[in-house]
Amino acid sequence: MKVNILAFGITKDIFGGPALSVDLNNDATVSNLKYLLEGQYPQLKKLSTYMVAINNEYALDGDTVHERDEIAIIPPVSGG
Amino acid sequence: MKVNILAFGITKDIFGGPALSVDLNNDATVSNLKYLLEGQYPQLKKLSTYMVAINNEYALDGDTVHERDEIAIIPPVSGG
Amino acid sequence: MDIEIKLSVTTLDVQHCIDWVMSPECGGIDVFIGTVRNATKGKAVLRLAFEAYEKMAIKELEKIAQQALDKWPVQKILIHHRTGVLQVGEIPVIIAVATAHRDAAFDACRYIIDTLKQTVPIWKKEIFEDGEVWVAAHP
Amino acid sequence: MDIEIKLSVTTLDVQHCIDWVMSPECGGIDVFIGTVRNATKGKAVLRLAFEAYEKMAIKELEKIAQQALDKWPVQKILIHHRTGVLQVGEIPVIIAVATAHRDAAFDACRYIIDTLKQTVPIWKKEIFEDGEVWVAAHP
């Protein structure tokens, strides 16, 4: 399946834009997604940390990604 | 010596006005002043507590009162 | 000057207070605003009357502000306090503290209001439908 | 409603925030105001740029406000956060908390800003004379 990934802050710079389309297996997990992205964008591994959000909620590594989910990469936040 | 005493808050009600003149010995202490006032105005003893200020500073019971000092009775404060 | 202390018989101006403490070296401002509540211990309050021993109150407020400057890395401190009669919803006190980092702002602001309530010669009378009481006067 | 949350591309209005939380049942308001500092780690900052994942940021801010309502006896909570480019002295965030008694206002306000900085998807870029940095991105 193709999923669309939203990017913010420094990950927008790393991906070269505010969104990204990736190919994932149907039963892919957050962990699989991270592995794929880190392969294509090694700079991701240099971040202090980063999270994945699914449908506006922080997701765990074991959570499954579905085709129409709104997926976002959340680099270290720094609001306030 | 005659000293003038300023009153605020509830002590203004107790003394019946914002100031009071009392006769004290020349070497009188804050403690002597309190004793004298409590004799004349027993309601003072019903307060949670009260302090005496000399020249805009909180005074201790053993401090001496001088003739031209600005003396004030400070009932429990409740600003803010 | 890093400290502004004022007793005022007229309405306190929150915006002025914040503008006064704000500075380009500061990243955080904590502001405490006291407001007149419509009830105390379940009893309706009509209004409050504040009285101050003005000269001494200013002196004690200056001491508290100076202590806060000594205890925390604080840039600017403002304390404004009303006197006179205040209706429900009016503002008896504004304390504003500006610091480079926010922890000091919270700590200093809280210290100032807590200490103000213990040491500054200002008195508050609660006025009810059926009478009035000097707050904290009696046990 | 007891909670007002807003992301805004235009100047935040402190007076509005305070007016919104003020209520006759409250005796105390604590307000935290973030301001853009002119330096970070000794280096001059020209301006900041804030970016938010808006839908999720609102959702996370609502969670934090709700947690504060659950943890402390709080009447009203307001959180306004800027996005876009801010100059030195401008206000990225205002948090205002109104309570019957002041301790809860301080505790809740501090909890909200501390948690906001940890969990809300908003990012800050510091812009210097010679470059720019996404804050906290790298170890």
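By written order: A, B, C and D. Residues from 1 in each chain.
Throughout what follows, a residue touches a chain if its C-beta (ideal position, glycine included) is under 8 Å from a C-beta of that chain, and two chains touch if they have at least 3 such contacts.
From a predicted model like this one, the values you see are computed outputs, not experimental measurements.
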Most remote chain, CA-based centroid, reference being chain C: A
Geometric centre distance via CA averages, chain C-chain B, whole Å: 26
Distance from chain C to chain A - Cα centre to Cα centre, in angstrom: 48
Junction residues of chain B, two or more chains touched: none
Residues within chain D bordering two or more other chains: 34, 113
In contact (per the touch rule at the top): chain pairs: A-D, B-C, C-D
Residue ranges of chain C touching chain B (in the complex, touch as defined): 34, 50-53, 55-57, 59, 81, 92-93, 113, 116-125, 134-139
Contact footprint of chain D on chain A as seen in their complex: 6, 8-10, 12-13, 46-48, 53, 56-58, 72, 74-80
Chain D to chain C touching residues, read off their complex: 14-15, 18, 22, 24-39, 88-89, 98, 100, 102, 105-106, 109-110, 113
